[in-house]
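Given below, in the form of structure tokens, are the structures.
Here come two complexes built around chain A, the first alongside chain B, the second alongside chain C.
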Partner chain A sequence: MLDQNTFDLRRYIQGNGQSMGVWIALIVMIAFGAMRYDNFTGAYNISSFLNYNSMFIVIALGMCFVIMTGGIDLSVGSVVAFASVCVAYLSPYGIQVALPGGILAGMAIGGLNAFFVIAMRIPPFIATLATMLGAKGGALVISGRQTISVDWGSNFTKFGMGSVGGILPWSIIVVALLAVALWIVLEKTSIGRTVEAIGGGEDATKMMGLPVNRAKAFVYILSGGCAGLAGVILASGFGAGQPLEGVGWELSAIASVVVGGTLLTGGLGSVPATVAGALLLGLVFNILNFENGRGVISFSAYWQMVIRGLFLFVVILLQSRVSRVGAKQGA
Partner chain B sequence: MQPLLKMQGINKSFAGVAALTSAELEIAPGEVHAVIGQNGAGKSTLIKILTGVYRKDSGDIAFEDKPWNALSPRESQDNGIATIYQELSLVPLRSVTENVIMGYEPRTRFGLIDWKAAHKRTREILADFGVDIDVTQPLGNYSTAIQQLTAIARAVSLNSRLVIMDEPTSSLDDREVETLFGVVRGLKARGVSVIYISHFLDELFQICDRATIMRDGQRVAVREIASTTKLGLIADMLGRDPEEISAAGMTDLGGGTHEAGELLLEATNLHTDRNLRDVSVSVHKGEIVGLGGLLGSGRTEAARAIFAMDKLRNGTVATHRNPAGFRDPAEAIRGGIGFLTEDRKAEGIVPEMSVRENMTLALMPRLVRNGAIDRAKEEEIVKKFVDALGIKLASIEQPIRELSGGNQQKVLLARWLALEPDLLILDEPTRGVDVGAKFEIQSIIREYVEKGVGVLLISSEFEELVEGADRIVVLQDGKSVSELQNPGITEESLIGAIARSHDGPGKGAAA
Partner chain C sequence: MPGFDTRMLAKHGGLIALAVLLLINIAITPNFLQLQTLFVNISQVATIAIVAVGMTLVIATAGIDLSVGAVMAVAGALAPLIFLSEFAQAYPTLGLAASIIVPILVALLCGLFNGVLVAYLGVQPIIATLIFFISGRGIAQVLTNGNLQTFAHPGFSYIGTGKILGLPFQGWLVVVIAIVFWYIVNRTLFGRRILAVGGNERAAKLTGTPVRRVKTGVYVISAGLSGIAGLIVVAINSASDAARIGNLMELDAIASAVVGGTLLMGGKAPIFGAVLGAVIIQLVKYTLLANGVADEVALIAKAGIIVLAVYVQQGRKE
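Our next item is the complex of A and B:
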């Protein structure tokens, strides 16, 4: 009754229909950009695109895990700002201190989220809203509301500004390694599967004796740590700790996760598709910038946001169509 | 007297499965009328058709001699039929007044809500029920009984001629139940009819005039409460002859030929906050112990207590490996217990996950090697059980939600069997699965029992208990009241034991 030798493409597409849309859209966008704009595939564009978007990819990764448990982490944008200020102060000690320092700062706030959500049973939306405000305030307090210039003498800025071969920034390499690690965690380890199971049904998961609280603590601390890493990339890439940066980044991260096909109600998610979702959202901006560069039409930053919103809407609409068709045929 | 409500020949099916076949219901003006039946007998479907939640496939309904075809609950409310649902459909954070008059607020000349009039009217309405409270306070500040009464007050204030109460006492204590009964009698005195749905047969004898008994989507009997007995009602519900039940119930029971293996579980005087008062049960190696009783008798609650899902207020759970019981389900699982829950959707499957992942969820701690899940071993186990249990699927990577109920249940059973448990708690293991799968599941269970697994079996199907269990512990109102021993148990004797314990404490407590 079990035929494991035939690979059923239709079934595969049905099963993964939720995230197919994002891959198709990504390929179409890249092809479109490559054909229309001269320098689109140039080393400079690729390098700066990846460098900037590595921040959005990494917070989307953390967010993906939180959302898979059925939670949400609204604090990530503030944590990026908070961590960037922290690491600016740590920058004289070099990247070897600042990098773990920034990640730890983020994890500390993630730990606070975990405490609120698990021990105090505060709904994640509220708990992380509180830490969002708290981290924002913390960043402003320790920075004295100033951008904090980093120490250019140490190796700190090499992380955010250097690259391998002029095309692969260090930041994206670190983030890519993290993505692969998290992919393995999600697909191959029991904690990853527990995370998905919680989103599918917390009671059922508890009943099966799985460590629900430990898995929830893991996702919030992970999300905080990811935001901390984004803060390191920010400070290192722009040469300053920026307490006012990161506003609305949590929404970009949520959008990336959703575009990647992760259910907002939890229970189903994909690491690669989340990365693709973040890249896709970044690409929309990138292409709009190129379009502006051609000088025929010019979109202001505000119009770019409108267009990105519309784009997001269309992708999600397409995806829900795809998955609905899949579900119907599968049933 | 002309009936207030007459439902005739009501048919309704869901996805091809008949829920009601030519069902009937007749309510006289000013009577309190019970609707009873086993789970799945069609009570709630019938009521939901009446109140416009569902559409009937065919049939006629007349309310006050006029054809009735409610299209929405709101419409039925506007036309004099009010429903008080099991889960209170009120807004606890808003004031009592708002809850009572919501949607029907008195207005001032300017079209604004006239709060003074609203509070006054609410106080008047509640006073009729003997309730005198500050109506400006949030409803949630008051007890469940007051909230229940508020729901009823709301229903009555809408000039209802028929009030439907679905398990109204399930969350009330004894004193609160008395208050509620007072209200029901008050409604009756005013000529309002009440449809009263309850699993607690005792209550029917206190306040109902007649009872419609439903079974398999049909009305099987209408009884005058005054001239029937609990035994009679149970016989109607189960489709048995009352004399047969009563005769069988009086015979001495218990064969005592069972050879008990090593003691696996000894639970004594279990008492939790979930309607479990005093249940004792033990299970030996290679033995199936059934928990018998009507709905609400504490069967599932006893299982939850043993599995450490609910905190014990009193009593002890001891197993051969854990003499002090368990702190949480994880510990119970490590201690060799598996629990196949009754509610497959809410507590069993994780719908988006694959069959493979669902089957190995509880097993995961044992599949991890060097921090990662041993995928090869996992697939080997899953395939072994897919074959052994005859689970029909396209691929083990298929989402479990795509499987039929019977196959889902087999996956969940495999989940626990894979743990090689000493004791399996099976709560309605064959509910909602087709006959073929049911038979297969039962024979799988039997096979494992012969290998020495102990089983605690909960089932609403008497046949399954009678034929499957070596012993049956009979529960009633959260207490274990008697115990029957196979061979010798018949469906009649089991029903008799359940019915006897309903006819008074102690009477049938044969050990």
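Our next item is the complex of A and C:
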């Protein structure tokens, strides 16, 4: 354990090597984009980038907590779709109803995950794979397989399309506030410490008398709620509830969390680094889009999935090296 | 006797479920007791069963393979590309052979990729196979540019529509594959090693089992069988749609394996159980669809079955 009073820079860098790497990569890529493309730092690109990626950041935040407990949530993509359909129906009542409604819809499915994992002791990936199916089925049932248009008369679409000063979308402001809140929860509260302890060793945590089940319920419901918020942003930003959207989003979220340095085996995790990881993955796509626009390379939409997979692959390779080095140092 | 009921259910649950499903169908599904129904179900269950056999081997090592559906899509997208090519037009026999062999080889390579990640780099199986789960289908769509490939090729279509002794070709293929892998699991060194790795990996390693090679092997087998299944799907439809081949197959295969008695923590590989599981999953689907239940409700039902099957198994473990 690091003594609180002495700050050793070298040990700090060793301990936070990967998350610092993410920030450096982020800065390098922004600099690269700003120099290479004319409109990269323009208000339109920044605002649409932040608006679109606020969805990926928020599901990555929830995923980060789940992965810290050694679990996984494969249902987030379907939950986004499910929540987006729910809020499309709620949109006539305005954002003040639709926003909590969408989050609650997501939390309900998160609660189901928690029930399966904790009470029925079903492995997280099976439980969340099942709710992935169930939520997708649910989204298709209540939408009648249709894209559900939102009510443009209410203030609902202002949330997903409006911004402060044309550059900071409302969605990213809400997500940023949530990120700060979650950061505090993780670092400063007992539930946050329990989450980290579970990833280190669930049985040991239980023996220490920490509320393991409560913390696990918290992470799955949180992840569902985060995906619900992403569904609100989706419906409000694109003007429709989309039952078929969200395919493969769990992979983006997992990749963002992992690139942020959270070990897939649980335990270590960082909220800011997860946000950075999500931004980095978003930037990869943003830069590829600009390259597409220049006509240098031409990527069809199908490449997106391939690139997401490749990105995850590279991150995993790096992490398997980092964690091996870490294990050696620990021994 | 605490837990008696769940233990009974876990042991004979599969057969009981099958009997109940058959009775329900005889009672309520129109035209259930007809040969046509049998053919439809055999030709559809075959792909699930073939993939489930591979999944069973992977799960027996305490792993999981989420990439099976995507690997099916890759193999299924490749085959028509090959037999519709100019080369295959010029040399029909060679082209047909290549359109079966090359996709399976590519599938095996996907499996090798999964296996190396899991066995040599120590990546968790869920994450390692998640890479292909998403990007594999992307690769298949990039290969075909997202186009639906339709064709009329009697030679290739035989693997999906041919009949031997009046029964669909792929039904026989399932029987052969099941027997071969039952033999491998129960009568060969490799089979014993699979179970040893899943039962207790440390102990297996200490007793000299080549754990890494065994693990890699099961992912390669799983992918190869997925490749075969992908070819069958394409042959049945006389069309190849990379977005749809093998979609959600990982769930069907995992469900089949679990319903068939495979323990998710590894150490057991009931091959015929997996085939029985596949038959049950297929019958559930058929029952719902034949009685006019919508696709999406069937999805929810399947999710429920998976959760229930795993839950019943937890009872057996304790």
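Throughout what follows, the second predicted complex is superposed on the first by the 296 of 331 C-alpha atoms of A that agree within 3 Å, B and C clash if a C-alpha of one lies under 4 Å from a C-alpha of the other, contacts with A are read in each partner's own complex, and residues count from 1 in each chain.
Here is the rule we use: a contact is a pair of C-beta atoms (placed from the backbone, for glycine too) under 8 Å apart; a residue touches a chain by one contact, two chains touch by 3 or more.
Bear in mind that the values here come from a model prediction, so they are computed numbers and not experimental data.
In the superposition on chain A, contact of A:136 is made with chain C only, not with chain B. In the superposition on chain A, A:304 makes contact with chain C only, while chain B stays out of contact range.
With both structures placed on the common chain, the touch criterion links A:184 to chain B but leaves chain C unconnected. Once the two complexes are overlaid on the shared chain, A:194 sits against chain B while remaining clear of chain C. Of the two partner chains, chain C is the only one that A:126 touches; chain B does not reach it. Legend: residue contacts after superposition of the two complexes on their common chain; A:100 is shown touching neither chain B nor chain C. Counting the residues of chain A that each partner touches, chain B and chain C differ, and the larger count belongs to C. By the touch criterion given at the top, residues 1-4, 8, 11, 15, 184, 188-190, 193-194, 196-197, 200-201, 203-211, 263, 267-268, 330-331 of chain A touch chain B in their complex. The touching residues of chain B, counted against chain A in their complex, run 307, 309, 328-334, 339, 341, 346-353, 357, 361-362, 364-365, 367-368, 371-373, 375, 383, 386-387, 390-399, 402, 415. For chain C in complex with chain A, the residues that touch the partner chain are 64, 117, 121-124, 126-128, 130-139, 141-142, 145-146, 248, 250-251, 254, 264, 294-300, 302-304, 306-307, 310-311, 314. Within the complex formed with chain C, the residues of chain A that make contact are 72, 116, 120-123, 125-127, 129-134, 136-138, 140-141, 145, 248, 251, 254, 258, 264-265, 300-310, 312-313, 316-317, 320, 324.
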